[in-house]
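Take a look at this one; I'll ask things after.
Order of writing sets the chain letters: A, B, C, D and E. Residues in each chain are counted from 1.
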Amino acid sequence: MTDVSTTMPRKTARLAWLTRALIADPMALCSVIWLILVLLLIIANTSGIFAGARIDLKARNLPPFDLSFDWRLWFGADALGRPLMARLAEAALTSIGIALVTVLLSVILGTVLGLVAGYFGGLIGAAIMRASDIIMGFPTLLVALVGLYLFGPSVTNLVIVLAITRMPSYIRVARAETLEVRERLFVDAARVFGGGPFWIIRNHILPIVAPTMLTLASVNVAMVMLFESGLSYLGLGVQPPAVSWGLMIAQGQGYLSSAWWLGFFPGLAVMLTTMSFNLLANWFRIVNDPSQHWRLVRRKRQ
Amino acid sequence: MTAPLLDVRDLSKHFGAGNTPVRAVDGVSFSIAQGETLGLVGESGCGKTSLVRTLLRLNAATSGHAMLDGIDIATARGAELRTMRRKMQVVFQDPYQSLNPRMRVDRLLSEPWALHRDVLPRAEWSSEIARLLEAVGLRPEHALRYPGEFSGGQRQRLGIARALALNPSLLICDEPVSALDVSVQAQVINLLARLRRERNLAMLFVAHDLAVVRHVSDRVMVMYLGRIIETGPTKTIFSTPRHPYTQALLSAVPTPDPTQRGKRNRIVLQGDLPSPSNPPSGCRFRTRCWKATEHCAREAPALMARGPDPALLTACHHASG
Amino acid sequence: MSLLDIQDLAVSFETASGRIQALSGVSFSLERGEVLALLGESGSGKSVTASAIMDLVPNPPGSVDGGSISFDGTDLLSLTAPRRRAICGERIALIFQDALAALNPVYTVGWQIGEMFRIHRKTAGGDIEAAVVDLLNAVGIPDAVRRARQYPHEFSGGMRQRIMIAMAVALEPDIIIADEPTTALDVTIQAQIVDLLDTIRKRSGAGMIFITHDLGVVAELADRVAVMYAGRIVEQASVFELFADPRHPYSIGLLASQPRVDVETADLVPIPGSAPNPAALPSGCAFRTRCPRAQQVCADIVPTLEGAGPGRLVACHFPGPAT
Amino acid sequence: MAPIFLLRRTTLAALALLALMTATFFLVRLTGDPVDLYLPVDASRAARDAMRAQLGLDRPVVAQFFEFFVNLLRLDFGASLWHNRPAMAVVLEALPKTLALGAIALALAFALSVVVGVIAAARPGSAVDRFINVVSQAAASVPDFWLGLMCVLVFAVNLRLLPTSGFGGPAYWVLPVVCLMARPFGMLVQIIRGSMIEALNASYVRTARAKGAMEGRVGFVHALRNALLPAVTVTGDLAAQFAGGGGVVEVVFGFPGVGKLLIDGILRRDFAIVQSSIFAVAVVIFLINILVDMLYAAIDPRVKVE
Amino acid sequence: QSDSITIVVTDEPKSLDPCDTDLSNNARILRNNVTETLVNLDPANGEVVPSLATEWRQVDELTWEFKLREGVTFHDGTPFDAAAVAAALTRAGNADLACEVGLATLSGNVFTPEVVDAQTIRIKTGTVEPILPNKLSTLDIGAPSTPADAKTREPIGTGPYSLAAWNAGQNVQLVSYDGYWGDKPAIANATITWRAESAVRAAMVDTGEAQIAYEIAPQDATSANDHAFPNAETSLLRIDQSIAPLDDKRVREALNLAIDRDGLIGTIFHQDAQKAMQVVLPSVFGYNPDIAVWPYDPDKARSLLEEARAAGTAVDTEIVLYGRIGIYPNSSESMEAIQAMLLDVGFNVRLEMMETTPWLEKLIGPFPADRPPSALQTQIDNTEGDAVFTLPNRFTSGGNTSTIADPALDKLIADASAATGDERQSLFRQAFNYIAVDAINIVPLFHMVTIARVSPDLNYVPDVQAGNEIKLATMSYK
């Protein structure tokens, strides 16, 4: 504590510590590896490696793991004879993209509203909270349907609808945390120096609230992915010809007994990705809580 | 005699509305002169922190006034408010809570200047930070660390350094050493004493450790359940207290001298502090007082000189006895 | 044979910043009816000592690495966990600093006190209730029958500490370990609790280990004092000797840095610096970085606790009275 | 629990319910006109207009809303277009099934996750703990409808152990319950494990150990009751979600619950069904919340129901 | 039990009222099981055969007379007579009830029943009605006790089965009726249940949960127990030909030539599906056997597009393909495949798959003026056996769902509808030719088949009517 001389530049030290902590947690490490794999797949797809993934009705429902085919067909082909690998990659971009953008949108708006509601309270706070209560009370299905019906079934609209329905959780957490942080002594100290509300929110409250929001966001990426897949499964989310994992499951359902791989792989992908985000959220929590650091370290030594 | 630096008249702070508000501070009056240190002692929950926060305008006063160098703390606005903020600074009790853990020390210490742009040009911040750190016994290179990397005593020094950044004339210390170890506590007390001498600081020094208060203060106030029950020069209060509560308080402090064991005349008070939302009628101490009579229940005693020393003010009907 | 005899106790913790040697080579003993004060600043290992005796060192991250704790002739460390638990609960009792946290919030205080009987004795239900009421009366809680049915959060701080005491003395243990029982309390309440502890202990004749960093309380209560610094005992002496003539530079500094309420203190002489980082203790004597007497040998060799007069031990290469 | 408190809460809930119903009314009406869906494609324009008039859909929305509101206050939810009978009757037929399904799934998930969570918390970081961690994370992350499909494929289609879907005897409940359980189980294990570890490190558990209590007693008597609180909160939230129907799972298994009813109602533009199921579910959620609060107070005396 | 059967279909019926049997979900359960009609159509050749009516004749241009079967009773014991028929006919036409039969098959004319005696009924028509018996083959006769001014959930008919229970959301149960006038059926108890998923339905027959599963997707039709039968539906894309560039006939022809129909058959569509050129099946009166099916000729399609482009048509305008999710098995896949084929020859097409309600908005007029050029996925069925049930509403300028407004075609269809005999046939044939070849209003795809999986121990082979009728009475176990 007192005389630990830290000569290393802080950013590097932090990065090194994060890497060490990551290696110490095998589950988190696996998650990162999986996400990187998915990312590579997406990049491969967008850069056209799967080009020629055209409809080919003769290759319809080709079974997977037949290594005698072209490598693109190792995961089998879908109902229109396109390589499943390419479809999975394209769906990954939609599914993860939707989840990330949705969460980004809702985390920013939700945090801002939560900070405002928590710090100022009063009428604005009450208004924000009631509004978020009402949003929470709604069946998301209905909201999604209305949104998609009114504004057309596009990915953008899906993102907006999902972002709105996810926002309340951020508002609540940000508000609760703000209420707590607001009472801490260092906030009082800043006030004694003459810090105004925005100064305090920006410099003192936000930095404390942000890691919690980040953790929540990570969990929420997982939730949104599940949710989007559910909506798409019901035909209320991503619409063909666009494709997402959820939609692939829905489409694969028709081939449940004839070509199980059509529904199996996208479902597995949803599960692994969701799990990765959850595990990373866990890991992130531990990394951000010094009292739990020994967990990471102990594992490293074993 | 010049006007006091801080003048508090009939200040009250009640929490909660309705018929039973918590009367955390109830009609308190006192003043602090330039360069003077006033000690404030009392049991936990008696309203010390509430008073401090009201003075700092972190709470709105329920009634009464507090004037800092002619500025009414409760109503100051604009330039007046800025002046007031500059003149009065605070050191909090908990050195772990009062520094933002995610701010590096240099940002922490320069925050006052960032908020009061006219005080110090930005170019001079870093040299001034070094000076401040040295003034509180830390090293300039500490500016690059985070609060989490300091020990409790060092953090409290950081808190003090930050409070001094605007060069205030009044420093309010809310139990600045209660959370510190004995060996470190002495360092901080000495530091405060030195700074006070060097800068002619006036201080309101809040503590529940009577020994520390005795060591630090020029004058002492004893608070009980939101009221000042006795105040006077440090010497008098500690040698010949007149209020039964002050007497009990003093006698309850264990002496670090085993040879005195069993020889002192100790008064062990019975019971706990009554609830501040429903204080006893008349004298608030009467429920635990061995001298209490009918009279005490009926009438609240005024704070006034009741003995040979005119500077010792006591709020007790039986103080002269 | 002493009631409790601890030899060379070592405890360490695994943390992110490395291994912390919380205790090393701690040895002391306690006689029947004696009050031993463990004095030392925060982090010096007082609570860990108590935990080690009671088998409460959390594992992981902590572990007892060596030494022996013998109670009434049995080596506690060699016992099986259940037997050790049984002894510790019945014959050695622990009182914690923060009574609010130490009492289970979801059970009534009567139930929690009565649990002592349910765990260790086969007392009948009705008898337990009566015993609990007696205990509550004995620790000065009025209206005991009603209050036994209340929950911890319905009591004030002093009252909670009384409940902890009632629980501790329920089975009339041989040793009471009180870990800073009054630190969180006001002076007036502290006086009540110290009196109560003293009375109860005298009545039962139990030995007591009183952990504190308050010199005043030590002076009032203790027979013997062990001063701890950075996981080691640096000085052991009778309370009179220690206050009159401290030998270890740390003890000397401690006494000199304490302002007093009864006499006017001139200048305080603080110990320079602050407590060392437990994960990176200085080599040799851990106190040397703050010690005015430190020399090269202090960096090379860890001083051992050695006799420095009758019943008095000091761990310093340059022991001596204050100058 | 004071009657005043109940009254206050009920009033608040009623207000919230009115707001919810108002919003629902306008939202469902934004999803389009049911007439085309309900008449044959060959039906003439006149017939369409006639039906619109009969349903009152030709009037201004505000007028429709007013009528809806008055009827709502009389607890009259109108007739279902699809089912051709009072919508609330249809909902009340489906609701008990959904509640039973949710209750069974949650109860099992809760019981199982307490056991598993406690086992994991007993030795945090051990191999068992890590295994449980992975399994529970997987359970919490699996898309329930996909799990349903795969279960149907394996257990019904391939192994022929269980019926594929539908509603009937106990066998029909197995797969829906399992699929519905997965997520709560995963989440609850995580929570109980975490709160149990925390509770086992709490000061009062040290006290219990110091008193000489054996580990079993320490875990189950002292720690568990404290550790259950967050689990109860989450279970309450989940129960509220399940009250709205196992949604997609009900669709997958053709389980005639309120979730399927709502989804079908939305797809079929059966306004009365949508409105009455949302109403019924909101009422159930309100009751669940009260129940959870009472449970909370029963577990933790510090919590006062007020 | 050897006298019980479970049948799984796709959806729950939304009504079990006898006057709603235009809905196939309803008709499947009721028609000739619970309720019966005056006449039936022969599945083999579409000829009208007796049922509750034993004989009939056209008295004059505007009057038909039917002789009714004797000794028939409803399930509630009341006898079947002319009054019952009159009541059923009146009820079906009651606008307030919005009966499916009244709104669809019987719409466009006025029918006035006239009870001659208990066993004879005359029906007066507002305008000449050459094929009234065909129309009446869709009118199920419910008991007189059926409420005249409200829909019923408990149909009472004269059929071999009576309704035992309708467990909403679960199933409909039928039990054989002892007082039936005809032969006693072998199956005494029938349960009709529903599952949305083809694979699940198919599996249910395999697992023994059901004995018959209808509408199995082509990919699930893998066993010998799967019977494909034409279901009277024809799938197509309807071209919105009033919007550029689809107002250019060359572009419309290119659309047709770009589609590889042979490639779709046996993959996305069942191999028994027939390439179509018109929207009715050969068994329908008016079918034109002489129209040649469009070939797959992507090169010609490209050159047609080039031609159109050269002539100034905005060929590159984005054309929207409106599809409906689940309109038939593999509907999304088929549209994606078609989109790919169109893109391949140089069309700029965007696919939009919709759920039913928004799709209906695109299907049914009036259409907004500023709509984009589009082609809509749909299918047209004709179970009544005459082209008049298909053409007016879909291809005349006044038609509900028509995107063609061509006076010549309007006249052709009007004349054909009023004509009888060979003239009628020839005019209808001309009309079909005009739609497909002269106007190119449609991209015809296939005469569709439905696949039913039938438990091997059951004697049952689905016929062309199986889409509308589950002939329980004909079934038995081996």
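Just a few scattered comments:
Criterion: a contact is a pair of C-beta atoms (placed from the backbone, for glycine too) under 8 Å apart; a residue touches a chain by one contact, two chains touch by 3 or more.
In UniProt terms the chains read A, D = ABC transporter permease; B, C = ABC transporter ATP-binding protein.
Computed from a predicted model, the values in this text were never measured in an experiment.
The chains that touch chain A (ABC transporter permease) as well as chain C are B, D.
Both chain A (ABC transporter permease) and chain E are touched by D. Hopping across touching chains, the smallest step count from chain C to chain E is 2. Centre to centre, using the average C-alpha position, chain B and chain E are separated by 90 Å.
In terms of their C-alpha centroids, the spacing between chain B and chain D (ABC transporter permease) amounts to 54 Å. Chain centres here are Cα means. That of chain C falls 52 Å from that of chain D (ABC transporter permease).
With centres taken as mean Cα positions, chain B sits 49 Å from chain A (ABC transporter permease). Among the residues of chain B, those touching two or more other chains are numbered 151, 154.
Shown for chain D (ABC transporter permease) are the residues in touch with two or more other chains, namely 31-32, 124-125, 152, 157, 251.
Residue positions of chain A (ABC transporter permease) with contacts to 2 or more other chains are 1-2, 4, 149, 253, 256-257, 290, 298. By the touch rule above, chain D (ABC transporter permease) contacts chain C in their complex via residues 124-125, 201-204, 206-215, 217, 222, 225-226, 299-302. Within the complex formed with chain E, the chain A (ABC transporter permease) residues making contact are 54-55, 57-58, 60-61, 79-80, 149, 153, 235-236, 239-241, 251, 253-259. Partner chain D (ABC transporter permease) is touched in their complex by these residues of chain C: 51, 54-56, 58, 60, 81-82, 85-90, 93-94, 96, 98, 101-106, 115-116, 119-120, 151, 153, 167. Every residue of chain D (ABC transporter permease) that touches chain E in the complex is listed here, in rising order: 31-34, 36-45, 47, 50-51, 54, 82-85, 90, 93-94, 152, 156-157, 160, 163-168, 251, 254, 256, 260-261, 267-269. Chain D (ABC transporter permease) contributes residues 16, 19-20, 23-24, 27-28, 30-32, 124-125, 130, 133-134, 137-138, 140-147, 149-150, 152-153, 157, 244, 247-248, 251, 262-263, 266, 274, 278, 281-282 to its touches with chain A (ABC transporter permease) in the complex.
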